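Structures for review follow.
What follows is chain A paired twice: with chain B in the first complex and chain C in the second.
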Partner chain A sequence: MPLLTSYTFQDTVFHRLDPRTKMAWLGVMLVLCFATRQGFLLAGFIVLVLALSWVARLDLKCFIPVTRVFASLALGVVLIQTIFYSGEDTPFHLGPADLHVQGFWLAVRVTLRLYCVILLFLQFLTWTHPTDLSLVLVKARLPYRYAMLIGLTLRFFPVLEEELGNILAAQEARGMELQGSMRRALNMVPVMLPFCLRALRRANEVALAMELRGYGFRPQRTFLRSVEYRPADYAATIGMLICLVAYFVVRWRSPSLL
Partner chain B sequence: MGFILDASIDRFQYVRGTYPAVRDVNLKVREGEFVVITGPAGAGKTTLCHCLTGVIPHFVSGDYQGLVRVKGRNITELRLPEIAGLVGLVLQRPENQLFNLTVEEDVAFGPENLCMDADDIRSRVDRSLAFVGMRNFGRRMCGALSGGETQRIVLSCILAMDPDLFVLDQPAAELDPLGRKQIYENICRLNRDEGKTIILIEDRLGDVLPYASRMVLLHEGRIVRDAPPEEFFADEDILSYGIRVPDGVRLHHSLKKRRLAPERVCLTPQDIAGHLKPLVRPGRAFSESVDPAACGVYLTPCPLARGESPWRPLRARRGRRRSVALGRHGPAQVAQATRLWRDTLRARLVYQRRTRLWRAVARGGRRPEVRSTAVGKATKAPCTSWLTTLKWPWCPANVEGASDRAGESSQSTCGNSAPCVVQVRALSFRYPGAERWALEDVNLDFKRGELAAIIGGNGAGKTTLAKHFIGLLRPAQGKVIVKGQDIGRVPTARISNTVGYLFQDPDFQIFCNSIFDEVAFGLKTRKVPPDQIETLANETLRKVGLFALRERHPYLLSRGQRQRLALASILAHGPEVLVIDEPSTGLDYRETLEIMDLLAEFRDRGGTVIMITHDIEMVVRYAQRSIVMAGGRVLLDTPTTDIGKYSDVLMRAGIQLPQFYHFAQALGLPPTCRDIEEVVRLLVEDCRQVH
Partner chain C sequence: MTSEAIGTAVARGQYRAAGFWRFDTKAIVGGVFFGIVMVLLVGVSDKADATLSGGTFLIFGGITWATVMGISTLLCRQPAGVIAGLMEGIVAILTGASPMAPTFPVVNAVGSLVYSLAAWKLPMRSWGHHLLAQIAANLVGNALVSVGLFYILDLPVSVILVSSGITALASIIGGTVLTKLIADTVNKSGVLD
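Up next, the complex of A and B:
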């Protein structure tokens, strides 16, 4: 299962939204994530993102690999903070170790915040059509040669990831030990050469194939797809803005609550 | 007039090239022609097609002198995107030509660049998709298409740009027979129904012969022959260029040597049957009256002239000569007929002597016997591993089993009692997230000294199965046993001591800076003493014919050489089982035979070869056993000699029998024929009895 996800075609209300609305959702949620100091709110945001993804019929399984990697990282952060926290609290003695409750909660907040951000970006990648993203950029007067690069990059990420997996498998089949993280890291070095070489060759071939289909024929080009801001988009954006304002109003009134 | 393409290319040399890749090429193509350009690997086919489409000099630089006009316009003066509307080029690898998420967007990509409005684009997309028979595929993700579908979509992408000239560079190189057929049919319709001019580069000529109106042979960058198909194949030296000539042409030239051939080349089975039927004894029941042993039917798959194999019993070879001589021809004809064999025989004499000597030693001086049953019982070299014969004592597999292997080898000279090396028991597998089982209840045994072919269309589960042999995939149910040990939890790196796995793309496994290092790598990771690494690596490089190049960088080698290098890097540490995925992809006929000969030699030394392929010709020629797969199941597991009886099963798996089977069928010959020479021999025999 690849670590990164890519757009999967679904026909839901959420998929039909304008990419700018999805960007707004991403932006608003990021602001909220970083603004809040309450763990329960962060947990709530995570639940909200997952629930929305579920409603939008995204494949929740594709979040699993990232979650797995992140979980091991989070565990480390929590442990370190619990043991080595240098705040002014009274530690809780457990055998030879001093455990800091405040440090524990801090680490939990940090990891929850980070996890929420990761989920948001994955969600964005999964439900935003890369071409739509390019179209928005073209509308923002960016030359299409650059705007379309984003779509291309997103398209080839999973391909490259799969290729890396294949090369690793090939090396393993030749007797290279890839078990154990230290060994794996060391043995990645020689593997990078064929990987980069292949990636470059692929880039070259793709560039040729694009030119052979007339890419760069004129300074402008047309698109079969189009993006436009529909009433649903307006409604969603306004709704999100109201929530954002409401959050800050409540926080201004009673700072300790949120 | 009426030339759509007028090319005169004096020379083109790549920046780092040492000789011109293309020189003195004059090619004029009329509107509506279907030109097939062929030639061995490295002949400059792709370079030529790049010149014709403006990729050279616009995208690839080098020393270029030439003028190419398409519809009267000099393409050197146009930019590449401008040429796109005139000439459509389909490149070799389909996966790099689709770069959007969905099929629809990819097909629309060309028209979008031409600045058409959305309605025009929509209608072109619909029309192009409908043309290749994939009307409902618009919303599909490009990454989820099969190889054949991808290539058809690529074709429709080019079609959407509506050029008048199509240049296609081996569009079906990676496809299974069914996929190939579909793509060629589409190209043919482009030519016949839409009146498009086609220039197709292809090395499997059998597939495109029915459509071509003109054939061009490229050799060392020059056009050496340019004629309509029948004339193109009429001369016998067409066989000497190392290209995959259709079986009908081989049959024709073999018959011609025996003065049996018709004046013109018969290319279809019906043609040739029509010509030969009067010569053949009417109503003869071949299958009963021809005793295989008597007329020297080979017990191993029988390669043609080039692949004359050293392990075949000498008696059989004599038998063939006799049957040629019996054809009531004078000495001159016999000499001509045996010339091809003689050349290769001479080249392999040293090797053959060595093999015989070694075989004699291993058998305690007894001469090998010919046995008249098929798989397993064929006279095979004794089952001593490749390793043991080369005396590499440090391989773990070898140290522990050295003594008992010697015991085994004496009892396992006959196939059926040979020990099983790889056993697959009730194996099922499903990729994570997939709904369909990729493998379902597969049960197979592979014996020592066996060359088995796993055949089937794209997506039949062949590679998935093969990856289980080395632990790259682990069974969901069932188990895989290698040399008596369940490899369920054994790490791949350790299994690789016994099982060598060669990927379809050799570049996956090549990463060192010199060829020598590449071969030595596997030995180093296995802690072989440094002085022995040198000897061993050199020995292996000699074996695959890369010794002279050992200081070179692997990426400077040709595709065929890289394939041999990848094979050498696996063989160096002496595995007992070799699993090889599509050994013939990207190689020309001669290179394919070279690889196959190496595999056959490995097999003869007691190794086990499991080959995944859809190259049925190589299967029939080299494999003793054929396993046909479709939809993750084994449909058929049979001695290759019997494969002719199962054309219906093969059809279901998307595999077509080699052409000569159809010839044999049309001529009423038994379905056990293994190559064209056998067909010819039976025919000659028959004619002898008639006259």
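Up next, the complex of A and C:
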């Protein structure tokens, strides 16, 4: 299954929103994720993101590969915090190791926060058209030569991912041991070199094709699509800002609650 | 210096003559592609690091990062080096490649700029020049990652110091060797001509 899921159009109110509104949602949720110290609230944010994705008819299966990758990393974080936690805590002994309960709960909070951040970015990617992202950057007065690079990245990520797969398969066919993550990392050099060369060759071809189509010929250019802030976008943005302010007011009044 | 002349200087391995900047389309698209290459290869390496140490010591990931960052900056100059770093950071966040992914855009961009400064002032012909450039980039990069480890993962300072020290040492040695080998091979291959 490909690691990076691309945008798919669904006729929902979320897909029709301006990309800046989606950016505002991402920004507000990121602030809340990093501000809160309560695990239950972070779990609630994850449920909220998944529920909103479901309502927006996003394919929830696209979250599975990321969740799988993240699970192994989260396990590492939990183990390290449980063993090496340096705060005030009475550890309990399990054989030769001292285990910290507070360290465990701290790790759970950290992993919930990170998982929520990842889901938010993935949600943003799956409900925002890459061209719309470029248009927003152009509206922010970034030269279009640079504004369209995010779209280029998202377009060519699966192509290079497939190319890496081909190189790995070719080296395996020549007898190289590439089964298992450790072996794959130790035998990285014979994979890295052809991959860099192929990426450079492809970059030259793509750059030539882009220049032949007039990329960078004029400082300004026109676009088929356009982005526009509509009343629904204003309403959504104001609603999000009210929620954000309300959160900080509640937190200021009773710090232990949130 | 025209963009053609810069491209020719890079293809011949005359990195100091190529200067600090390179604005042609090949370099910019190359930066984007190296960003994708970096995220894919670091992804493979990070899995090995996760197996080895639960992702605390990014030995393989650090070496791969240092190598691809070095090659992209050396061959595509700036702003392509920063573009490669930013793209890698953005894709790493989107794919949940690492708990430290939110720090990657800044770490990559700053690391690439520091490497560029070294590659701009040094001829980058000998092992020593590559070593100096990698030391500068890795020390700055790992210092920034340490800040992320402290604030994002809430790790104890002792663990952070050991982790960053081991990662930086491995990245400097591995990155120097691989960057020089791959950059020399790319120049010999004629792909840049």
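What we mean here is this: the second predicted complex is superposed on the first by the 253 of 258 C-alpha atoms of A that agree within 3 Å, B and C clash if a C-alpha of one lies under 4 Å from a C-alpha of the other, contacts with A are read in each partner's own complex, and residues count from 1 in each chain.
Operating definition for what follows: contacts are C-beta pairs under 8 Å (C-beta built on N, C-alpha and C of every residue); 3 or more make two chains touch, one makes a residue touch a chain.
Predicted model, so just to flag it, every value in this text is computed and none were measured.
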| item | value |
| --- | --- |
| Chain B versus chain C as contact partner of A:L197, first or second or both or neither | both |
| First, second, both or neither for A:L106, with chain B first and chain C second | second |
| First, second, both or neither for A:A140, with chain B first and chain C second | neither |
| First (chain B), second (chain C), both or neither touched by A:L152 | both |
| Partner chain in contact with A:M182 - chain B first, chain C second, else both or neither | second |
| Touched partner set for A:V117, first chain B, second chain C, both or neither | second |
| Partner chain in contact with A:V206 - chain B first, chain C second, else both or neither | both |
| Touching partner for A:L94 - first (chain B), second (chain C), both, neither | neither |
| Which of chain B and chain C A:V249 touches, first, second, both or neither | neither |
| Contact residues common to both interfaces of chain A (with chain B and with chain C) | 152, 156, 191, 193, 197, 202, 206, 208, 210-211, 215-216 |
| Residues of chain C defined as touching chain A within the complex | 24-26, 28-37, 39-41, 43-45, 47-56, 60, 64, 67-68, 71, 75, 79, 83, 87, 90-91, 93-99, 101-102, 152-159, 178, 181-182, 185-186, 189, 191-192 |
| Sites on chain B touched by chain A in the complex | 53, 55, 58-59, 79-82, 84-85, 88-89, 91, 93, 95-97, 99-102, 104-105, 108-110, 112-118, 121-122, 125, 139, 141, 143, 157-158, 161, 432-433, 467, 470, 472, 491-493, 496-497, 500-501, 503, 507-512, 521-522, 525-526, 555, 569-570, 573 |
| Chain C contact footprint on chain A (complex, rising order) | 3-4, 66-67, 69-70, 72-77, 79-81, 84-86, 106, 110-111, 114-115, 117-118, 121-122, 125, 145-146, 149-150, 152-153, 156-157, 160-161, 164, 181-182, 184-186, 188-189, 191-193, 195-197, 199-204, 206-208, 210-211, 215-216 |
| Chain A to chain B touching residues, read off their complex | 1, 6-9, 59, 61, 129-131, 151-152, 155-156, 158-159, 166-167, 169-179, 190-191, 193-194, 197-198, 202, 205-206, 208-218, 220-226 |
